[in-house]
Amino acid sequence: MGEKPLTLYGQALASRMLLGTARYDSPSVLVDAIAAADPAMLTVSVRRQAGVAGRTFWNLLRESGRTILPNTAGCLSAQEAVKTACLARELFDTKRIKLEVIGDEVNLQPDPFGLVDAAIELVRLGFQVFPYCTEDWVVCRRLLDAGCEVLMPWAAPIGTGQGPRNPRALRELRDHLPTVPMIVDAGIGLPSHACQVMEWGFDGVLLNTAVSRALDPVKMASAFADAIRSGRAGFKAGPMISQDIATSSTPEIGRPFTLDSTAPAEAPMLTSP
Amino acid sequence: MFVTVNGQKTSLPELSTLAGLLRQVAPAFPFAVARNEEVVPRESYEQCRLQPGDAIEIVHPAAGG
Amino acid sequence: MGEKPLTLYGQALASRMLLGTARYDSPSVLVDAIAAADPAMLTVSVRRQAGVAGRTFWNLLRESGRTILPNTAGCLSAQEAVKTACLARELFDTKRIKLEVIGDEVNLQPDPFGLVDAAIELVRLGFQVFPYCTEDWVVCRRLLDAGCEVLMPWAAPIGTGQGPRNPRALRELRDHLPTVPMIVDAGIGLPSHACQVMEWGFDGVLLNTAVSRALDPVKMASAFADAIRSGRAGFKAGPMISQDIATSSTPEIGRPFTLDSTAPAEAPMLTSP
Amino acid sequence: MFVTVNGQKTSLPELSTLAGLLRQVAPAFPFAVARNEEVVPRESYEQCRLQPGDAIEIVHPAAGG
Amino acid sequence: MGEKPLTLYGQALASRMLLGTARYDSPSVLVDAIAAADPAMLTVSVRRQAGVAGRTFWNLLRESGRTILPNTAGCLSAQEAVKTACLARELFDTKRIKLEVIGDEVNLQPDPFGLVDAAIELVRLGFQVFPYCTEDWVVCRRLLDAGCEVLMPWAAPIGTGQGPRNPRALRELRDHLPTVPMIVDAGIGLPSHACQVMEWGFDGVLLNTAVSRALDPVKMASAFADAIRSGRAGFKAGPMISQDIATSSTPEIGRPFTLDSTAPAEAPMLTSP
Amino acid sequence: MGEKPLTLYGQALASRMLLGTARYDSPSVLVDAIAAADPAMLTVSVRRQAGVAGRTFWNLLRESGRTILPNTAGCLSAQEAVKTACLARELFDTKRIKLEVIGDEVNLQPDPFGLVDAAIELVRLGFQVFPYCTEDWVVCRRLLDAGCEVLMPWAAPIGTGQGPRNPRALRELRDHLPTVPMIVDAGIGLPSHACQVMEWGFDGVLLNTAVSRALDPVKMASAFADAIRSGRAGFKAGPMISQDIATSSTPEIGRPFTLDSTAPAEAPMLTSP
Amino acid sequence: MFVTVNGQKTSLPELSTLAGLLRQVAPAFPFAVARNEEVVPRESYEQCRLQPGDAIEIVHPAAGG
Amino acid sequence: MFVTVNGQKTSLPELSTLAGLLRQVAPAFPFAVARNEEVVPRESYEQCRLQPGDAIEIVHPAAGG
């Protein structure tokens, strides 16, 4: 794509999509979706029972050759998140952790207080923290002060697919911290949602439900890959500014049958004004 | 003696080590283990003496969003 | 793309983007934008003075190898549009015409009355009419009754780049006439706009200002190509339905450190429900 | 005699044909012509007798949205 | 309210609400709703069977003392609308007619073509036409040219209560014809919808379903009366312009415990900057 | 108004509007605006220099006879807010405090962390805390746990007049804690904004800039009073549910000139279904 | 003879006037009448001779949006 | 001795009480006072002995949103 890649914690990423591995109808659908999405990272969790039976989930992950980003999904406190992160580090042999501290079991929003506490502790323990957060500037400032080098603000509650439902605030967060890598995580439901946040200058998108719960997850995965690339290019290409007043694209000068005799009879004229 | 494994009461011979427990339970590979909420690195399975009432967590890679 | 191509007036189109050729900073930028956009058609106009000086506009069009769709942009009456169409047919040797009858010189909206009259006359004269219209069901019905085989409803006034500003009505038009090919023409400003209308099931998008007035028109052209492909795939892939209530993607069962001893100690379990 | 070409008054020898006018004006190729708002097909340029006051339109391909 | 009243066809109206009389659960609910709404006009229709049994609909209308505005609801052609209008004029002894020519039985949108034809004929026959129309500038221009002295653009399809769903276009219509009285008719569902269109400068609102289908129509009627008065006052009071950047209302100068010793020790200071 | 009044900390309030006293062009404009708004409370601040010269601000407040709600506007930490509150209690002889702890001087958003700390301390010191907060459920839960009996979520950043810019989240907060009194504070710019949040079930609105910076603050004050009353009535009156499909309000049966001879010739029929 | 009233076939004595019909049908007050889609003013009920096959519309005030 | 009043250095006779300071500064009524960030209730103005370097805040009612 000709531009320098997204770099998180010093690692240059080949794409700007991160893909979740949950809620797919079968391991093979997941494998095909990964191939179609070509994500930079796959998010996973740690659970007591083994992942997918038969061809174990582990082989599937390794064969994908993707960077693994374990999460602390479902953790309701900083302590629980830290303990889970430590297990994840041991299990996946990675310092990366997608830090989730859930503040409410109905809207699954991040718990700003637990999130910051956990971030401080995890950075102290040497983790590279990818915090799932809200668009609250104060929470984000504290996460950065804690040592997070990326922010993962939500577009909308997890699994709702509503897309960016607080667009002005999300854009203001992006513009407020221009140098901080930001991945929109949670609530994206359609390729156009992903394309839109990329146009705002977000650095990437983390998707799960929008792909796994599509009727054709593999086709949806490639649609999102295109959408994210498209939104990024749109952002870099310096889009036109939305106008209030209509402006004809086709030049007015030299319309046939008009009395406008200003146009010289035959002198070739540059059309684009 | 009794310990809990993933929240389930499990009986073990006295003076078992974590490695012993793991041989008994034989969890699918790969897994990571915590004892009383502290991660036990793979290298320490053998020396890790279990006490009655220990809470052992054995986790595996699972799907995640 | 594996699915049957968009067919308009019996002609299968290689892509679902139609690109305008106005308001580019130079002929070479236009050429590169065409290559990047890979549009199925290029829209042009007829004017008294020659197109681009030097390498004439005509050579540029022929070398592009694209289907040419002349317009009647700027025409304020059905008569003027019909006369202009006849000149365009003679000049470009094509029956295709993008019919524009402008009803107001401030918002450049289609004139429903003149548009229908012109459509009836042009179909009688053997033209294949691509009418630039509004999302008004009655106007659209009359255009179809007149013999138009495609509708080109606006997303927003020409050149404003506001994107679909009457989304519910535009979607209702799409769903109301499911078998009629519809291209959204006018007012698209960003790739996400194009992606969104494609997700609603529109068959294609006609762009001009959004590409020609971008700072980097070539990059923007390829961004739109990706966005349109992505939106189409999103539409075909059966996207998830937006939910009100959050649903965790990561499974709850088997979270470590919980007292939930339901999960069998070690029985491998299918995680994705 | 006088005709208008693209809204501009233009003088022509009597009994000029459209082909004659076109040789005089020599518009860049390609172009299409209308006489009094009626398109004149290329094949008919020679036989198309012009009358004083005819309104001739000569158009070329131009950029368009 | 101190400002000159809304005048339609030379008649000064006491309020800016017009109320429909359909779909109320009983005549007494309708009577109470009229009292609470205090509308300038009541809309009615002409039907083969008598209105409300018992205390006839007619007595109810006369006792209300309100101006009656018969409609041509349900008419699918200009001819049918004109015939219906003539019956209505004979029946209600009024030249006023709310002209409705329905273009589609699914979305009940106005038929731009039939509407204009009917308007021309009805003005010729001496009617004072109140045309239910769309926000299409060309259609509106033709209605004015036909002799209509008021426009009644829809906010959304009849009975949907969606509120103004094409806000930018509706506002542009209002601003495009600043001297033409405009009543928003159809699709208003909530008091805030009515308040909003009044803030945009619309001259009044015509409501029916939003009142008659509320659980407490009488309370809802008075809520709408307040909302319309409030929106009108908001429009006249010159509202603040929406800002992108936050500005504290409480003055910063002189905050206690700050090192900001610029503030003179005790000199009384004008607080509002 | 017939319904039981809003009660905050055991005090029944005569109206659901709280009015700020900052940024008025003169004391007399403020006095007239207060009379027109008829607010339940006036918000004030404590500053080193006296309020308004001449007729001191103090007399103006006492003569208004309104409940005074001092704020801690501009405080950047919990400590500063607590100290300011103590000064305010001494000065205004009231336990009420509008707690503001500003987390960022650009968007003036509440600092979730400082806000909760200050709330805990102030409740301990016997204050009745009115916390200016965000729509974050976790922050709100902690404020309630701290002993706050009311929440004052923002609609948009202070002084921007953007209105509720995160509508779904704000409504979810309202519905999530149905028994907690909630006043929308900050960012309301137009009467329709106030009307809308009241329709969602919020208990009141706190306004300042929208009134003081209107061209005619007194007229705007009364517009807001109407709007808040209207929105409250709209909420209580059980509004219609927004529909996707149009439904004619005027009955179809018995339309003249139709072949529909089902309608009995002359039997009076109940029209409203 | 037969006429239709609001779409319903109705029999009438020959040479009936509209007033006659109205006395027979006795519609609730107030009403307006059209004959063959032409409004018949109240004053003309008596002189309005009906012909076989006439289409009579009798309408009343009804609720409307 | 010196104290600061609203951030401004102010000189005072030794052994001044807060009441003394207030008589000297004569702030407009009503006001509230804090000494070293602690509110001094009106009743205590007389007994409140000031020390050099005390930070006195005198605040008044002001407009607020």
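Read from first to last, the chains carry the letters A, B, C, D, E, F, G and H; within each, the first residue is number 1.
Basically, contacts are C-beta pairs under 8 Å (C-beta built on N, C-alpha and C of every residue); 3 or more make two chains touch, one makes a residue touch a chain.
Keep in mind that this is a model prediction, so the values were computed, not measured.
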If you tally contacting C-beta pairs, which comes out ahead, C-D or A-D? Let me know.
C-D
Chain separated most widely from chain E, comparing mean CA positions
B
Of all chains present, which has the mean Cα position farthest from that of chain C?
H
Taking each chain's centre as the mean position of its Cα atoms, how many Å separate chain A from chain C?
26
Note: chain E sits from chain C at a C-alpha centroid distance in Å of 35
Where the centres are mean C-alpha positions, what is the separation of chain B from chain D, in Å?
95
Hunt down the residues of chain G that sit against at least two other chains at once, touch-wise.
6-7, 27-28, 34, 37, 57-59, 62-65
Touching at least 2 other chains, the residues of chain C are 20, 22-24, 45-52, 57, 71, 73, 83, 87, 106-107, 109, 158-159, 162, 208-209, 248-251, 254, 256-257, 263-266, 268, 271-272
In the complex, chain B residues that touch chain A:
6-7, 27-34, 37, 39, 41-42, 57-65
Which residues, counting only chain A, touch chain D once they are in their complex?
248-251, 254, 256-261, 263-266, 268, 271-272
Interface residues, chain E side, partner chain C - complex:
103-104, 106-107, 109-113, 116, 134, 136-139, 141-142, 156, 162, 165-166, 168-169, 172, 176
Can you list the residues on chain C that touch chain D in the complex?
20-24, 30, 43-52, 56-58, 61, 70-71, 73, 83, 86-92, 98, 158-159, 186, 206, 208-209
Name, in rising order, each residue of chain C that touches chain A in their complex.
20, 22-25, 45-53, 57, 71, 73-75, 80, 83-84, 87, 106-109, 157-163, 189-192, 195-196, 199, 208-210, 212-217, 219-220, 222-227, 229-234, 236-257, 263-273
